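Input: one structure, supplied below.
Chain lettering (A, B and C) follows the sequence in which the chains are written, and residue indices restart at 1 in each chain.
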Amino acid sequence: MRLRYIKDRIFLVMICTSSSIIAIPLLSIVWKVVSKGYKQISIDFFTQKIPNSWEAAIALQNGSIIPGGIAPGITGSLFMVAVASLIAIPLGIMIGVYLSENTNSKYASIVRFISDLLQGVPSIVIGIIIYSWIVTTLKSYSALAASLALTIMMLPMIIRSTEETLKMLPNSLKESALALGASRIKTTFFIIIPSAFSGIFTGILLSVSRVIGETAPLLLTSLGSSSVNWNIFSPTSSIPTLIWDFYNDPNLLNMVWSSSLILLTIVFILNYIAKTVSQSRNN
Amino acid sequence: MENDIILSFKNLSISYTEGVYAVKNVSADIIDKNITAIMGPSGCGKSTLLRAINRMHELYPSIKINGEINLKNDNILKINPILVRRMAGMVFQRPNPFPTMSIAENVMAGYKLNGIRKSKKEKEQIIEESLTDVGLWNEVKDSLNKKGSFLSGGQQQRLCIARAIALKPEILLLDEPTSALDPIATAKIEELLLELKKQFAIIIVTHNMSQAARISDSSMFMYLGALIEYNNTKKMFTNPSNKKTEEYLTGNFG
Amino acid sequence: MTDKIFKRLLFMLSLIVLFITAGMIYSLVSGALPAFRKFGIFNFIYSSEWNPRTETYGALPFIVGTILTSFLALIISLPFSLSIALFSGEYYKNSKFSKIISSFVSLLSGVPSIVYGLWGFYSIRPIIISLGISTNGLGILTSSIVLAIMIIPYASSLSSEFLEMVPANLKEASYSLGSTRLEMITNVMIPYASSGIFASYILALGRALGETMAVTMLIGNTNNIPSSLIDTSNSMASVIANQFGEADGLKLSSLIAIALLLMLITALINFIGKLIIKRFQ
């Protein structure tokens, strides 16, 4: 009898300890990135172009902070994610609407299945596919290729969150609009989607926060560039690819931490907003 | 016929939140090998009272209890809850056989959960006895190793009773055991309880007055947490001593 | 635009998903064909030679590398993710504590793969070296450890959903028979949720299989079949990332073939996981 109680207690302690251990890697990652990266952060960091190896080597010898910044990376990431969103958001929402209105058709379940399949495809596989579709055709790396890769990655998530949110809306909402004589289109755009807005918005935020940190597909599609680029047909920099470049260059190594700090901050903020929006929706 | 007192409540009060009492100062003696019914309108505290006996309330930590519940000279509020739960078997409103266990395993579940090992022969004996006592043996003896999902609601509930009595408890507690069942299944179970009372003291919470009238030897009537009247069933139904009891029995309030 | 046209439009947009997927598969297959033709499909899968100079390529080392790292990561993550699932799904359900753990877990899930790789390289690798486990601190073990941390959030949130589905009246029945909490969990709760939990881990495996950057930075980038946990190697994803630059002709085709294999394996694992979940519901 005593033994059973002891086992019960020990198990509880084990559960609590193993669960709390999860804090260690999190705090370690945040600490590493913040402590090693904050020194490099300044207005310049956001606005200047990428330092080259020489400048960095000299700065290292002098013991001073590497000059320059990651402006091309920040603008590149924003540019490519924006283009991807421009395609993925409307497309994903529309397909989500279609699926939610056709829950029982065989065709819809096929689409749903394929969309789930797409979500599970490793990002590097998507990268190499876009490489062979677009990069070889256009004979150059480009922001367009990267945006298309990101679009494919964002699409399933947006489709799913749209469909799920719409499913939870009461049927009476749609029916009362239609009963008032509104057309299907008007009902969809003016009643249904706005009511589902917070759920859809959460899905969008989460998919953006996922793709903004993706490196592998970008390495194979947009490659990177040393200056700010707004030409969709040219190679473009991004924060993750910059981190990869810095990582591979001994002189620029110190820049990885500050860049990671920016990236991590962006991702955490997006996740926080998504969480707050979905919580307020639950209330 | 045993007429000993098996369980007694002494000034028992239970509250969920500060100052709000679900059970107020109940004192009563429960007689062995009898069926005692606890009746009353919703919210009168009858389930709370029942669950205090096998200390199920401890699953919800904000509860406070004052007073004693004595099972054969031991204050069960003070001894090990696991021991108490073995001595008081419980059957719930909705049949809840364990879906991942076979019928045989369900009957023996009490032993398994308490880590009590029995030989194969002993197991077979317990299973057959318990299932026979609840009238299920002939219906399931060829499917002992199947999961119980094919059983009807009434059969599942009888399986739960078998599971409870397999541990040979001192008393059997039933919390509205037939309210989710159809009339035929209900009748079967009521018949069963009349048989089982020869072995166990039975306390049954019911919101169905006619059920109490049909099967119980004694009845407790509770209202807003207080024990209004406790008497031999026949007496209470034909000549209630308290006005509230009379109003309830004549259907003047829920 | 009339409603009919709108409906048609939605239908056609939904076709895009199918076209993209079909296009992707076609592209992988046609890109991989040269390599398959040259080496034969089975030979390619079972060959462990990867030599750019002699233009002989085989995928076996990377298949082994992927499977080793992913399964090892799954095993390492199991006690932690299951504990978290039990913590939030049973013990401290709906309490402040589980909200804190949940937010830590969800922050972890947001960390990009390349940051995990950096952290793994600069924080975990020195530990492995100082413990004397290996001299360069890279290889199967190191990447599995970091990979395990990466899949804990996904595995724990999926399995805790299944634990939360266990009906309260089953738990009550168990307690009423005199069980302790642990006994209830092992005899009633986990058996009830078992297929769901199993599916959760299969899906987490699917995630681990496709992880690229963190593994690329920690696995050592060598093209041999790993002979021990401290051996360096490559996974299917990491060999593509590592050797992709300036690859063309047969080498590129071989990398695409590996991508095709990776996609098929991941799709199969995810399909099995989702199938089990459907059966459960």
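Throughout what follows, contacts are C-beta pairs under 8 Å (C-beta built on N, C-alpha and C of every residue); 3 or more make two chains touch, one makes a residue touch a chain.
Since this is a predicted model, take the numbers as computed values, not measurements.
A comparison of C-alpha centroids places C closest to the centre of the full protein. Across all inter-chain contacts, the pair with the most C-beta pairs is A-C. Averaging Cα coordinates per chain places chain A and chain B 56 Å apart.
For the pair chain B and chain C, the distance between mean C-alpha positions equals 50 Å. Computed from the mean C-alpha positions, the centre of chain A lies at a distance of 18 Å from the centre of chain C. Annotation for chain A: residues touching 2 or more other chains are 4. The multi-chain contact residues of chain C, meaning those touching 2 or more other chains, are 180, 183. Residue positions of chain B with contacts to 2 or more other chains are 82-83, 114-115. Chain C contributes residues 1-3, 6-7, 9-11, 13-14, 16-18, 20-21, 23-24, 27-28, 31, 79-80, 83-84, 86-87, 91, 101, 103-108, 110-116, 118-119, 122-123, 149, 152, 180-183, 185, 206, 209-213, 216-217, 237, 240-241, 244, 255-256, 259, 262-263, 266-267, 270-271, 274 to its touches with chain A in the complex. For chain C in complex with chain B, the residues that touch the partner chain are 167, 169-170, 172-180, 183-184, 187-188, 191-192, 194. Those residues of chain A whose C-beta lies close enough to touch chain B in the complex are 1, 4. Considering their complex, residues 54, 56, 59, 82-83, 85-86, 89-90, 92, 94, 96, 98-101, 109-110, 112-115, 160, 163-164, 167 of chain B touch chain C. Of all residues in chain B, those touching chain A in their complex are 80, 82-83, 114-115.
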